Amino acid sequence: MIIMNKAATTEEISGVVNDLKNHGLAADVSTGEIRTVIGIIGDESLISATHLETLPGVKEVRLIETPYKLINREYSTLFDGKTESRAVKVGGVTIGNCEPVFMAGPCAIESKGQLMRIAEEVKGAGADILRGGVFKPRTSVHSFQGLGSSEEGAEQALKWLREAGDKFDMPVITEVRGESHVEIVAKYADILQIGSRNMYNQDLLTKVARAGKPVLLKRHFGASIEEFLSFAEYIAASGNKDIILCERGVLPVGRGKSYTRYVLDLQAVPVLQKETYLPTVVDPSHAAGRRDLIVPMSIAAIGAGASGLEIEVHYNAKEARCDGQQMITAGELRFIIECCKKVNKTVRDFREEKT
Amino acid sequence: MIIMNKAATTEEISGVVNDLKNHGLAADVSTGEIRTVIGIIGDESLISATHLETLPGVKEVRLIETPYKLINREYSTLFDGKTESRAVKVGGVTIGNCEPVFMAGPCAIESKGQLMRIAEEVKGAGADILRGGVFKPRTSVHSFQGLGSSEEGAEQALKWLREAGDKFDMPVITEVRGESHVEIVAKYADILQIGSRNMYNQDLLTKVARAGKPVLLKRHFGASIEEFLSFAEYIAASGNKDIILCERGVLPVGRGKSYTRYVLDLQAVPVLQKETYLPTVVDPSHAAGRRDLIVPMSIAAIGAGASGLEIEVHYNAKEARCDGQQMITAGELRFIIECCKKVNKTVRDFREEKT
Amino acid sequence: MIIMNKAATTEEISGVVNDLKNHGLAADVSTGEIRTVIGIIGDESLISATHLETLPGVKEVRLIETPYKLINREYSTLFDGKTESRAVKVGGVTIGNCEPVFMAGPCAIESKGQLMRIAEEVKGAGADILRGGVFKPRTSVHSFQGLGSSEEGAEQALKWLREAGDKFDMPVITEVRGESHVEIVAKYADILQIGSRNMYNQDLLTKVARAGKPVLLKRHFGASIEEFLSFAEYIAASGNKDIILCERGVLPVGRGKSYTRYVLDLQAVPVLQKETYLPTVVDPSHAAGRRDLIVPMSIAAIGAGASGLEIEVHYNAKEARCDGQQMITAGELRFIIECCKKVNKTVRDFREEKT
Amino acid sequence: MIIMNKAATTEEISGVVNDLKNHGLAADVSTGEIRTVIGIIGDESLISATHLETLPGVKEVRLIETPYKLINREYSTLFDGKTESRAVKVGGVTIGNCEPVFMAGPCAIESKGQLMRIAEEVKGAGADILRGGVFKPRTSVHSFQGLGSSEEGAEQALKWLREAGDKFDMPVITEVRGESHVEIVAKYADILQIGSRNMYNQDLLTKVARAGKPVLLKRHFGASIEEFLSFAEYIAASGNKDIILCERGVLPVGRGKSYTRYVLDLQAVPVLQKETYLPTVVDPSHAAGRRDLIVPMSIAAIGAGASGLEIEVHYNAKEARCDGQQMITAGELRFIIECCKKVNKTVRDFREEKT
C-alpha cells in the first residue's frame, strides 16, 4: 500500500499509478476522508518500496504479504480513518449497517405465479431483498437445473424476477453460475450472487466484478477463511468493492450421520468483520438443509453479529423442485425477522449501555 | 425398548429384566409419570421381539437400530410423556432449564491464590458453576500438564477447588483425564468433565459414569453428532443419565489460515435437542482459541438455544500457564452473562407471545 | 437405461430417442459389441419404465437413481460385455491400458526456451505426454497467473506448447481455467485439463466437453468420490466420454502441521475403477507440494493400479515462477518412469501367474 | 538436546541429569555409536542453554521447539550417526528393516477354534506376526465388545492368543483399550497396540509405555502428522522407544458417498520416515472397510515404503462378529504377501542399481 501525503496532487497520484504500470502492476486508487492510498494489484516483489518512496507525493510504502490487501480493514482505515464496515447499498437497502437485512425467496424460480406469490408473502413478512434462482448449480446433471437451462427460459425467469422486485419494492438477487450468464443477469438483477461451488472460479469472479453491480460471494464449503478472502480480492482487484460475503456452511466432519448438510461456521462472522471492511451475511438454509434449524440458527447468526440473512421460502415445500426440505413458510420467515430484530436491538442497546 | 403396561407389577418388571439377563443382555428400567419402559442394553439381535411380547406385563416391544437408545428423546417421551429436556441438577443449579447456566474459571489451577481470586471474580460476574483444570490434556508432553501431574499436586488442587466452590457457593467441575483420576476427582468435584480428546475413550466413560456424579461430555473435534451421542450412550448404559453434552468445536476445513482453532458447530445445539433429552452447553473458549470471539459466539450459542456456556477466565491472561490467548477477564464474563440473559429472555418472551 | 433387443432396428432406436425428447429428456445412444443401450439424460421421474417397455425394440428398462449413469461401469458392460476399462486414445498414446502413461512438464510455461528445454528433457526421460500451464488458477490475485493473463500471451504460449509437442512427438495437455479459454485451448491442445478448483464448475465442464477433445478432470480437494463422478457425468451428458479422471489430493485433517499440501487418496484409484469404465491417473505433485515425496508416491500410485501419472518437472526449481517446491528434475522423472514400469510389470506378471 | 563430548564420563552425564532434575525436568540419556546425547523431557523454557553449556562434559546445547524431540530423526543421528530407521525387534521379527513385515489375524478373537484355525492359515500364508482383538473399541455400546468385556473372558482369550503365537511361532499383538488392561495384556502379548481412537489418550500411552514391551500406535483419524508424532512422544518420554507407528486412514471429505470408511494417507509413510527414526506400518483393512481394496492398497503401501502391513483375516467373513466386510481370506493374504515382497524387491533392486 502506498500512502500518499494528505496534500498529494492528482498529478502525483497519476505519477505513482503510471510507475506501477511500467512495472507490470495495476493500481487501486482509494481516496477517503483522510487521504489517498494506492493499493498495488499484482506481485509486489516486482517493485521496491525504496523506489516507490522516492516518488513525489508518497508519504510511506507498506509492502504486505497478505493475499487480500484491497479488502483489508487496515487498508480502508488508512484513507478513511473509520472503524465501521463499509456498507453496500442496493436500491433503498443498506447491507452492513447496524440493522440486519433479510433476503428471502424461492430456491428456484419455477413459474411466474410461484414467484409472484412468494415475493408478496416474503415482503409481507418483512423481507428487504427478493432472491430467486434461475441458474441452479446441481450435483447431478439429471436433476432440475433451473429455468436457466434454456436461453429463453433464463431471460423469461429474470424478467419475472425484475417484475416481482419492482412490484413489491425489493431489490433482487440471483446467482450467476457461468461466465455466459453475467451479461443477462446484470441486465435484470440488482445483486449478482456467486454460489459456493464457484468461489474458486476466478474467471467468473472477474467477469462478474466488471458488471458493475454489487456481488454476493458465498464461501466454498471446503475453503478456509483466508482462501475466502483471497478470492473476494479477485473481485476487488477488478475494480468492484461492493462485495457482500456470505457464510453458508463448511464440510461436516466425522463418520456416521451429521444430521445437517454442512456445519455453519458462525465464528466466520466476527473473524471476517475483523479482517475486512466488507459486510458478512449468513445463509442458514443451505447449511442446515432442513427447515427446523432455520429459526435457531438465524437467531444465532444475528447474535454473532451478521449483517443479514439469506433464507429460502416456499408456500408449499413439498412441491418445490429444488431443496424442498429446507424451505420455510413466509409465516416462519416473519417470526425469524421479528425475533432477529428484537435480538439485534437487545444486543445493541446492551452494548451501548455498557460503553 | 420394552413398553410395559401401565399396571405392570414389580414382579413383572423383574421378570423381563431377568429374561434379558438370561439372553446376555442388560436392562435400563425407567419408570416415569406414564409407565415403565425397559431399555435393552446390548445387541438386540440376541433376542426376539415376539418372545418378549409374550412376557407378563409387556404391552409392546420396539427394537430399534440406533446406537443411542437410552438417551433418545423418544425413549423418555414414552415413560414420561414430556417434551422438555431432562434437566441435570447440581447443588442449587439446574442445567437444562429455560435459564442458561454459566460455568467459568481458569483453564488450569495454578495456585490457591490464583484459583480463589478467579473464583471470587467469576461469582461476582454472575457465574453459576466454577471450573478449574487439574489434569490438563496437552498435545506436547513437554508442556505444563496441570498440577495433577504429581499425585500430591492433584489432591491439593482438588481440595482448593472444593474449598473455592464452597466459599463462593458454586458447584465445581473439573476434567477427569485418565481412569486413575476418577476416584479422587469424584471425591471433590460436583461434575466430572470428559475432555474432547477422550470422547471415544469408552473405558473412561464407563468408569466415570459409575462414580455416580453428573458428567459433562465434550464432543470430539473429529466426531459426527451420531458418534457423539453413541459415546454418551456408554455413560447412560453404565446407569448414569445425568449427562451434559458440550459442543466445543470441530476441525476446520481448507488450506491457509482458519483464524480460529476449531469451527464451532452451533447447529449441533438444536440437533441434539431434537435427538436426545439431555441438555447441551457450549464452550466458546476452546473453539475460538482467541478471546475476541468469546462475546459474539456466546451470544450466538444462547441464540441457538444452548442451556449454558463454559468459559475460561483469568485475571491476567499473559501469566496463564495454559491457553492464555483465549482467556477473558471477569469483566468481560459479566458482560457476556448479562447480555446472554437478556437475549435469552427476548427470544423466550417472543416465542411465548407468538404461541 | 433402456436395453434394446439385439436385433433392434435404427428406426426402433430413433423411436425411443424421440419418445424421450417428447418427455423433455435427452438420450445417450451407445452401440457396442453386444447391443444398443440408451442412457436417459435428465430426471428419470419424468417418464415411466412401464411406458418405455412398450416401445418397439425395447428389451428391458432399468431406472437407476445414481447421479452417474453414463459413465457407470454397469452401463458399458451392458452393451459391450467387457470388463476392462474404456481406454482414451490421444495421438499414439493410450490411457487406460495395462501400461501406465506419464504426463510431465512445467507447472507454468514461462518462455519458449524454458518449455522447449523441459519438453526435450521429459521426452528423454520417457514421458508420453507433455503438460504445461498457460492459465494458472492461483489463490492470490497478486501471484503470477500464467502467460494466459493476456490474450496474446495465451495464444503465444499455446503455440509453443503445440510446437514442443510436435517437435518431440508428444500429445500436449493444458488447463482450461475459464469458459472463454475453451476455444483457443482446443485449437492447440490434445487434452483439455479441468483443474481441481473447477471440478464443480458445470458450465465449464459442459463447454469443454463440447470441444470434442479428451478431457482430464481433476477431483476437487473437498469432493467425495460420488461428487467427483457426478460432475464427470456432466461431461458425458454433453456427448463426450473421452474422460480421464485424476486424483490429486483431498483436504488434510487435524490441527498442527500436516507436512503435505493435501492427502493423496489412492483408494480412489481402485474405487473409481470399480464404479466407472473411465481411466484414472494420479497427480502426486500437487498432493504433496514437496518434491521429496514424488518418487515414493508415484510408485504407490502405480501399485494401487493407476493408469498413469501427471508430474511437474523443471530444470531449475528455484527459478520456477509457480510451485517450485514440488518440481522434480528430468533425472528424477526418468527414475520414476523406469521404476514404475518395473513395478507395474511385477504386479501384472504376478497376477497373471496366479490366475 | 544436550550433546555431550565424545569423551564425557559417567559422572558428567549424571551431573547433567541431576541438574535437569533440579530444574524440574527429566532426562532421556541416549548413548550411541558416536556419543551420548541427553534429551530434555519437559518445558525447555525452565532452563537456559547458556547455563547447561557450562556443565562439565557438555559439548553443545540445542533447544528446539518441536513437540517431538526424543523420536526425532535428528536426535538419533546425533548419537548414532546413522541414517536408517531404528528397527523394532520382537521375537525373531524385525520391523523397520528393508523387508516388510506382515501382521495378520482376526479382528476379534471369538473362540479358541476360530483363533487357532486363522493362526495356522495366516502362518501358512507367510504372516510374521499374529493379531487378534480382545478388547474391541466399538462405536455402539450395543455392539459386541470383544471377549474382553468380562474379566475371565479377557484372560482366556489372551491365553489362547499366546498359545496360538507359540504354536505357530509368531509374536502376537493385541489392543489395550483401557488403562486397566495394560497389565494383563503385557503378561501375554509381545506387542501392545493402541487403537486409533486412543491416540490422544496420554494416560493410556504413558501406562502402556511403562509395560516395557513394544508399542504399536495407530494414528487417530482426525490427527495431523504433527499430532501423531507429538503423542508418540508421550511413549518415548516414558522411557520406551520401541514404537511402531501405524497409518490406518483419516476422515474422508465431501458430501455424498465416499465408498471407503477412511482415506488412507500413504504420504504419511515417507513423511514419517523423514521426521522420525521409528518404523511405520500401514493398516489397509480399517482404512478401506471393504475387502476388495486390500490387495491394491497393500501393494501401494509397500510401494510408498511402509515397513509392514496389519491385515484382518477370517476364514468366513460372514460369520465374523466384527468388521466382517473388510476381512480377507488367508488365500488373499498369501497373494498380498508374495506380491508385496516382489514389489519391495523390485523397488529396492532398482534403487541399488541406480545409486
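By letter and in written order, the chains are A, B, C and D; residue numbering begins at 1 in each of them.
Everything below uses one rule, namely that a contact is a pair of C-beta atoms (placed from the backbone, for glycine too) under 8 Å apart; a residue touches a chain by one contact, two chains touch by 3 or more.
Quick caveat: nothing in here was measured; it's all calculated off a predicted structure.
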Farthest chain relative to chain A (centres taken as mean CA coordinates): D
Separation of chain B from chain C, taking each centre as the mean of its C-alpha atoms, in whole Å: 48
Distance from chain C to chain A - Cα centre to Cα centre, in angstrom: 33
Where chain B touches two or more other chains at once, by residue number: 139, 220-222, 227, 230, 251, 253-256
Topology of the chain contact graph, where touching chains are joined (line, ring, star, complete, other): complete
Residue numbers on chain D that touch chain B, as the complex places them: 40-44, 67, 69, 137-144, 177-181, 197-198, 200-204, 220-222, 227, 230-231, 233-234, 237, 251, 253
Sites on chain D touched by chain C in the complex: 220-227, 230, 250-260, 263-267, 269-271, 274-275, 287-288, 292-293, 296-297, 299-305, 335, 338-339, 342-343, 346-347, 350-351, 354
For the chain D and chain A complex, residues of the former touching the latter: 139, 221-222, 251, 253-256, 261-262
